[in-house]
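To keep things clear, I will list the structure first and then write my remarks on it.
Naming follows writing order (A, B, C and D), and every chain is counted from residue 1.
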Amino acid sequence: MSSTFGHAFRIHTFGESHGGGVGVVIDGCPPRIPVSLENIQLELDRRRPGQSEIVTPRKEADTAEILSGLHDGLTLGTPISIFVRNTDQRPGAYDEMAVKYRPSHADYTYDAKFGIRAPSGGGRASARETIGRVAAAAVAKQVLHTLHPGIEILAWVQSIQDIQAHVDPETVTAADIESNIVRTGDPAMAPAMIERIKAIRADGNSVGGIIQCVIRHCPPGLGEPIFDKLEADLAKAMLSIPATKGFEIGSGFSGTLLTGREHNDPYRMIDGKVRTTSNRSGGVQGGISNGESILFRVAFKPTATIMSSQETVTSSGDNTELAGKGRHDACVLPRAVPIVEAMATLVLADHLLRQRATDHRS
Amino acid sequence: MSSTFGHAFRIHTFGESHGGGVGVVIDGCPPRIPVSLENIQLELDRRRPGQSEIVTPRKEADTAEILSGLHDGLTLGTPISIFVRNTDQRPGAYDEMAVKYRPSHADYTYDAKFGIRAPSGGGRASARETIGRVAAAAVAKQVLHTLHPGIEILAWVQSIQDIQAHVDPETVTAADIESNIVRTGDPAMAPAMIERIKAIRADGNSVGGIIQCVIRHCPPGLGEPIFDKLEADLAKAMLSIPATKGFEIGSGFSGTLLTGREHNDPYRMIDGKVRTTSNRSGGVQGGISNGESILFRVAFKPTATIMSSQETVTSSGDNTELAGKGRHDACVLPRAVPIVEAMATLVLADHLLRQRATDHRS
Amino acid sequence: MSSTFGHAFRIHTFGESHGGGVGVVIDGCPPRIPVSLENIQLELDRRRPGQSEIVTPRKEADTAEILSGLHDGLTLGTPISIFVRNTDQRPGAYDEMAVKYRPSHADYTYDAKFGIRAPSGGGRASARETIGRVAAAAVAKQVLHTLHPGIEILAWVQSIQDIQAHVDPETVTAADIESNIVRTGDPAMAPAMIERIKAIRADGNSVGGIIQCVIRHCPPGLGEPIFDKLEADLAKAMLSIPATKGFEIGSGFSGTLLTGREHNDPYRMIDGKVRTTSNRSGGVQGGISNGESILFRVAFKPTATIMSSQETVTSSGDNTELAGKGRHDACVLPRAVPIVEAMATLVLADHLLRQRATDHRS
Amino acid sequence: MSSTFGHAFRIHTFGESHGGGVGVVIDGCPPRIPVSLENIQLELDRRRPGQSEIVTPRKEADTAEILSGLHDGLTLGTPISIFVRNTDQRPGAYDEMAVKYRPSHADYTYDAKFGIRAPSGGGRASARETIGRVAAAAVAKQVLHTLHPGIEILAWVQSIQDIQAHVDPETVTAADIESNIVRTGDPAMAPAMIERIKAIRADGNSVGGIIQCVIRHCPPGLGEPIFDKLEADLAKAMLSIPATKGFEIGSGFSGTLLTGREHNDPYRMIDGKVRTTSNRSGGVQGGISNGESILFRVAFKPTATIMSSQETVTSSGDNTELAGKGRHDACVLPRAVPIVEAMATLVLADHLLRQRATDHRS
């Protein structure tokens, strides 16, 4: 169980979905960065259940408490610990699930690995674990704003099943995305997406989709080849989010259909800077940012918990059936948008600090 | 520059494409594992240039020397260092590239990051760097064979541009893949793929494609959530390979079109084991292997070096044009197959050792 | 600020002496280890202030709360978070210290490093930070008991200033040590030590001394040369404890007076085992345990806070004087005994798990 | 087997005493640092056998080759690999030692840990392994000179058995130390020390002693509490050197005899800087450098290999006797001086880069 992410800006998350609570310890945060509880709570509120009619109606306030590392609104350079106590626990709702493995969940694999499992909720495999990541990223965002003002990280729902948004990554705004409860960057498509989610939920079923993310105004030079290439760390960060099945940057999988002549990004001097006139590289070349917008997509599978009966087995090895109960998202994407942004922010903050250690310009 | 991969089974690669040579130090390899120079050379030969008519004709023997860590064909438990001296260097071939940034290469970003750059070849960004990975993976393969016999890792070319192979991941064999120089798992499609590569090369252009990889007979329980999930480490491993733009596991991006009812993998007891009757999860659930075949795909962009004139800039900031010279692969996929296998092998060996540290069954 | 210790069994501590509280997150603990809150509270009580008439009279209950990682008294294999809320805060007592650097404290160096400092108490430099270590070690102790029963780790006060204890490391018991409030392994010397501490405190002064520690029944084979030698990790662990100035193992500094012929430990077969007939090596050879008792000593300087006026400077750069206030230990050693044991326990648990990853015998 | 040291400036050593050779890979070195083969060879020559009449007469040229990471005398920011091929191998000289465990050597513990052992020489436990450290430190020294000119690191022999040197750490020079073959900082005591070493060698015996090290002009603010305190990392670095048994900083063990009033270092403003008027802290407070000279001592036991018969056992478990053969140092200290400097240099370079990552002043 490795719950540490990052090298210079490091986070350690802890906590099960049911139990005392969930949280995070941040180590390596520079001192004298302005951070407030409001910064953190704001991001947690974008992630929390019950925020709109298309997400799970569970009532979890997800109220953050800062346990250490701050004084008078400034970071001390010491570990910052943030904790969210669990409140809305209904262990009874999970009795059946304690003995039957939920299909395409982590119940069986946790049992296989650990020989023991948190008996209710998803334990560490619950999306509730991401609270620590989002809280830490709220701090990381302040680090970026202070040390390299101008970096912007925005994610949005690009598709729900086959319903596609049309979004210009260079101009889409946070206001566009937050203007609709599905958090697509294309508000015109929001009604169709919302309708689809509601219909699928009414049918006791679930859907997935694709989240796109852009990082604008990233300085050139971030990324640590050979193994800690920027796209490699972004890929790892995204595939660590529950329910993800794929990652692509720039031209991605569809770029495999082009020839080199079509795919290469020509360089031109623009306003005294080295720029590319196309961006199929997605802002990263050789594992290092090139100053263009970093653009990637993440595939989310349909939610595993559905309200229909499915074939499964018990932990004692008998075939059986199980129908989902409880209050679950029929589509995780609206709430996953801040999580994608959070992981991207953590990757950027980590690489910004790593670059400072050896930067030839300072 | 972070050239370390893995936690328990750790590798450190070094070396530029031009210079003394390239190599690797492996730390954390268990003692008493049988390893021979032949094991290593065999894998390097699958990766080396000049092996067939559709790869670069550069003559690089890539002869490995084991500098430490072995005695009488057994690992000592100490660092294993493997070195391949550079031989076929033609610095002159790169004179123009020393001042002009090759489009969609790492020349500009290395300059931006480091303020200095290996003046010829691709330096660390060259595919030559992967020699160290392939050599280390030959050792990792022996670790898997010794500690958990039966694990099989096979990669093959799934598509070249729009030409698709049809391959059953459960039955494809190494012999199928090695039977054709393009290394597709579908020998019937090999002639079309080879013809496409030759045609595109004749045109001074290049192509990319998709490599698929299967890991068969992986024990349940490997993977270290929350951040070192098996699919997250595989994604990072794959995106650290030069020219990669995407990774997907199991149903991947196309899984976003399904509903949960269609997507979930039902559990059944088969021969006394917990099995799934479909495998859209791709062998991993909640970041931990479930005992089914692990199945993933990696997108490779078309080779950046093409023999046509392209717009670019000089390192002193002037617009110019550049046409590729030298002897390059018009398609990297045939030689990338052993690299994908190598990175998958390194991930598996690392996670197998990590699991041993805390395994409740031993 | 690096607050992580260990590789396989890793702990992350957090918290300032004044503020929300202090705690620890343990990652890498094996699953199914029996752990209770009582295990943890018992060790914390040995460390806490106010436990006897020769330690600080501060009233800190140091009540632990387990926030995650346990179910029904067994570890889940997931991060275990333990938190102790701060209660007895008297910020006012530190007003003068906020502007005057306490001699031989960390006030000045924290300001120099971070440009900011927790304004009262010692922040992270306070001995209160060790609560997280002691709590984590209580869990590590259970890991040792479960995976390798028989390992015993005992520390005791070997000297207070020039008052020396006479202790046989092979036979001293926990009961001997706990029988007296100074925690010496030589109860006959306890009255003299206690009298010295009381006298020095009455004089507004302070004293230091030496703590000795023995690890009995450690299996051969623990330690990871070249850099993570067992004695190297023990040295680091001990020098990370506040107020420590030295570490020696086996013959230590006095061994430099012997010749090789006098110093070498002869091997003999005893009861079918390879044993040494002397133990100047201190149980470690070449960085790896040899099965004999591991024996080391740690030097603690006299407490820096004294009740006399001392020359110092202000944070704004003026010469001034400062006399200590508040309720401090005139001698830290009685409370440092469980901390030395805790750090030794963490080192052993980490190395035991690391050895399991590559052990040739399993 | 963990052969990595450092976090930001990281080194990975490899190689056995007999076999292909020994070497190091440095990762994390900043780009554009001037480094020459001469820098490296100079330090290796201070460490190599055969350099004077009081060290082992083995003829090992220890000629370094730089395999990667440099161009035109500047670091590239990529891994720097340095290799020294083994030449003077006399496997025959070790035949008896292959079956008999040398007392107070690592033969038995390597067998116990790994179940296999390099059959001749000391394998990784040989002092020959330190070649990689010394070579890496020659690079680290250039990093310090470039990024923070003025830092001086000097070590010298402080005692041989009971023969003590008298040295002022503030004024001793490299020339003083290199003026005599024993490398004491007190040339007046050199003849007595040399005579002692020769006499003890003539007797087939060996001696140890103490090496002292000073780091002058270290900037305040280096060190990463809680666990990576500067003294903790120095302690670990020193105890990782073969034959070491103890470490103390500042007042060390003898400081335990003082009271707090005697021990505390008063602060005064001197030339506009915060300074201490004594230095019992040894230049480090709370784990962070305070700008004063960092002063520490390392205990080296007498060389384990002696030319007298000693009781031991065979690897098959029989009691026997063994007398050392071959060409060994009767006293390792003259050659250990550059190794102590090397490890101190590596610690400083690592902490300097770590501080840059989060420095509030840049």
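A few comments on the model shown:
Quick note on the criterion: a residue touches a chain if its C-beta (ideal position, glycine included) is under 8 Å from a C-beta of that chain, and two chains touch if they have at least 3 such contacts.
What you are looking at is a predicted structure, and each value in this text was computed from that prediction instead of being measured.
Chains touching both subunit C and subunit D: A, B. Contact count check for A-B and B-C (C-beta pairs in contact): higher for A-B.
For this pair, subunit A with subunit C, the centres built from the Cα atoms lie 39 Å apart.
Subunit B has its Cα centroid 26 Å from the Cα centroid of subunit A.
We define each chain's centre as the mean of its Cα atoms; on that basis subunit B and subunit C are separated by 46 Å. Multi-chain contact residues of subunit C (touching two or more other chains) are listed as 1-4, 13, 28, 31-32, 77, 113-116, 124, 354, 358, 360.
Across the interface of their complex, subunit B is touched by residues 1-4, 10, 12-16, 19-23, 25, 27-28, 31-32, 65-69, 71, 74-81, 83, 113-119, 123-124 of subunit D. Contacts from subunit A toward subunit B in the complex involve residues 1-5, 7, 13, 101, 103-106, 108-110, 112-116, 124-125, 129, 159, 161-162, 200, 205-210, 220-229, 231-240, 242, 244-253, 255-269, 272, 274, 276-277, 280-282, 284-291, 297, 299-306, 308, 310-313, 317-319, 354-355, 360-361. Put simply, subunit C touches subunit B in their complex at residues 8, 28-32, 77, 353-354, 356-360, 362.
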